[in-house]
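Paired with chain B in one complex and with chain C in the other, chain A is shared by the two complexes that follow.
Up next is the complex of A and B:
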């Protein structure tokens, strides 16, 4: 029964995602907004791989997101105008940074882990902010555009907004499938065991630190992939992509949608992106709205939307 | 050159004193309640703006006295209404709540006092340089260092010599036992939060006199405060103090030789500490993971 329900919800998610550009306009949105939902949804799901399925709170994921974004932008601008190469550079940069920093912090737990990730997250922000000549500083990295992808036999013209949406969706689908398989694998089950009871997992002989490190690196791999797509989407990136508030946004997306469910963060991202777009175009005090929204989620919907739905269905 | 270095070391010491003052408040709250107070910077800004508003009526000294107390009172209310329901839950929730609160406080400050930087007047008696050679030694700067030192001494006096302070320290070690012994833990956490916010408010008033006043003043000081806590050692207040001063001076010296790495150097220090001495400079082994 639950398997059937799981399959139904997966199919429903895909129908919505595949058709989004068709009805987004009718609802007052635009294709770029749909792409943003998919890209930030991927980032939130990647964070949730660590947060929801390993039980480790990182509040610094924007750093790796931003490294991906700067990696792709700087490659296309300075090195070679090639989208796949840019994505590769961005993802490798983000993942390597995560591997190094992850090794420094894998032994920390709980609040301490959160705090160290926050602090480390800021390093890259300051580098991007200060290194004017290369990164463009506070103004951001501009004067570059995403390039059509040449497959030899055919060209995928992702400079078109709708094509880019489906390109991002393919990347999203592959990533989601990979994360889903990982969670279902023995490795993923071990992560869940660590989340549920770290001490017991340790007594069973599981190398907990290694698992947490690996989970952190995998999570950051997908976050930096999302970061590359985010930069490609707007043909631009700036230091705000790797600042702490962006990290907080990822966490709130995961919590809002439901961090114990696979698709929850995507739903959270969709709500967050649409809300932010709407609020920031209607009022100057959007920060208060977002802040109050954070507080309301924490106080009234700590389980997230899918958590509430699951509970309703179970009773 | 020596003078330049000396100037920047002194400057770094002052900035480090701000970091330390802010980090001590964060540490107090974190140690007793397990809450990372992201809104600490917001309270700092609010303290400064309250002082700015009071100044026409109370003068500089009155504002310095009253504004941190008002900020602390606001902290007591916030703890009671918003943070208390989250004790005992995953630290994720209090972190997110204070994160949202930080947004709100910054926006409120912007809505009331404007986004532009406003000058924060300090008495003329404090602005004159004390020495022609060491031009940077103004009365205000020395006064700030002295006041921060006094505040820190006061904090450690409270913690070591008063009943409230002893309960806070005991609660940091084992809250459950303290509760069983008949201490009202709710009130204890409330007062402790207020104490932390008082320090933020005080730091805000002092910082405003030096950096000028703008809604983002707290945001720029909070990240180094996290670094200060980690470098000094989680759970150790003397460590936090040391961490704050150290990173302040380190970034002061870096400004002379490699200005664009002013911030980065703090994070390098943090990375080194985590690599070589993961518990932090004065942190105790195994007390907090």
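Up next is the complex of A and C:
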């Protein structure tokens, strides 16, 4: 039953994602909005690998998201105008930073872990903010553009918005598949064991710190990948991509959509992005509306939007 | 060679001496009970053996090797498994999922991102074996948190057993149980001891259980070793009786 429902929701998600550019316009949206849903959805799902499936709350994931963004932007701007190389540099930078910082903080738990992740995250924010000559400082990193990808035999022209959407979707699909397989693997089961009862996990022979570290690094790998796509999407990045409120947004997306369900954070990201786009065209205080909506979900639907949908379908 | 040798371990929490210079030797295949009044330091003693925290003084030798400084999971790897006074399980997972984790850890798969079909089948088979052995047949797909206290305990014991330990530490396995549940768990422990030749150390309050199961009994009082011997010796020991009646020994 649950397996069947899981498959149904997976198929539904894919039908929507694959057709999004076709109907987005008719509903008053635009292709870039669809791309933002996919990219931020990937970031929120990556965060949720750690939050929902390991039970560890990070409030500093924007740091790795931003490192990915600056990695790709700076590579294309200063090093070589190559999109794949830029993505590679962004992801490697973000993942390496996560590996080092993760090793320093894997022993912290709960609110202490969250606080330390914020602190480290802000370090990167201030570097991006202050180092004007390289990062563009507060103005952001501009004057660079994503480049068509040359596969030798054919060129993928991702400078086109719709092509970029499908490019981002392919990256998203591969990442989601990898995370899904990991969660269902023996390693993934040890993470869920840690989430459920850390003491029990420890005394079942699981070196908890090592597994949390790995989960953190895997999560940050995918979040920095999302960061590279985010910068490519707008041909721009600025220090806000690594600031703590961006980290908070990822957490909001995951909780909003439902952190116990695999696709929940994607739904959360979609709601977040659409609300942001719609409300911000009417008022500058769009965050207040997201905040109210978020509080309503947390108070009345603690399992998130997808949690409620699932329960409705079950009964 | 003795399986477990605890040599003069102490544990201080600030000024409180929870365990004071206690030694114990457990032979392979033995079932040892640790008893004592509340606050005698039994659980602290267990925590020292299983690596929950390090001793203030003393050494612990397991299977000929000094394990005093090893972390919990390293002790598990060497063949030590434990249960807790307050059941520690994964309440929101099913019985099978609870057992699956230690089965895969014991098979060295804790970091595996992937398993062959054959290995998966082998893991599932082992889980089924444990479900049956623990008397949990028919409850395999129930959430453990929804089961009776006795079945939760049985699940916890089977999870420890899934690790294929050579030494099983049980902290008050029948605590808070009714007569029928106590009987079932006692029978399970005895089967593990007799049939699987498992070495077991258990803390227990229920005297019927202890005298039914234990080869030897060790008595702790106020953190120190009070007496050690066969059940008959302990039953007739005046110091033990005094300690249990609350008189100064």
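The definition used in the following text is that the second predicted complex is superposed on the first by the 311 of 315 C-alpha atoms of A that agree within 3 Å, B and C clash if a C-alpha of one lies under 4 Å from a C-alpha of the other, contacts with A are read in each partner's own complex, and residues count from 1 in each chain.
In this section, a contact is a pair of C-beta atoms (placed from the backbone, for glycine too) under 8 Å apart; a residue touches a chain by one contact, two chains touch by 3 or more.
Keep in mind that what you see is a predicted model, and the values were worked out from it rather than measured.
Once chain A of one complex is fitted onto chain A of the other, the partner contacts of A:116 are limited to chain B, with no touch recorded for chain C.
Contacts of A:30 after superposition on the shared chain: neither chain B nor chain C is touched. Look at A:278: by the touch rule set out above, it reaches neither chain B nor chain C.
In the superposed pair of complexes, A:301 makes contact with neither chain B nor chain C.
Touching more residues of chain A than its counterpart among chain B and chain C is B.
Look at A:291: by the touch rule set out above, it reaches chain B but stays clear of chain C. In the overlay built on the shared chain, the residue A:107 is in contact with chain B alone; chain C does not reach it. Across the superposed pair, chain B and chain C touch chain A at no common residue. Of all residues in chain A, those touching chain C in their complex are 181-182, 185-187, 189-190, 192-193, 196-197, 199-208, 211, 214. Those residues of chain C lying in contact with chain A across their complex are 50, 71-73, 76-77, 81-82, 84, 88-93, 97, 100-102, 104-106, 109-115, 159, 163. Of all residues in chain B, only 30, 34, 36, 38, 82, 85-86, 89-97, 99-104, 106-108, 110-111, 223, 226-227, 229-230, 234, 260-264, 267, 270-271, 274-275, 278, 288-289 touch chain A in the complex they form.
Note for the complex: chain A touches chain B at residues 51, 57, 59, 101, 104-105, 107-112, 114-116, 118-120, 122-123, 126-127, 130-131, 244-245, 248, 251-252, 255, 285, 287-288, 290-295, 297-299, 302.
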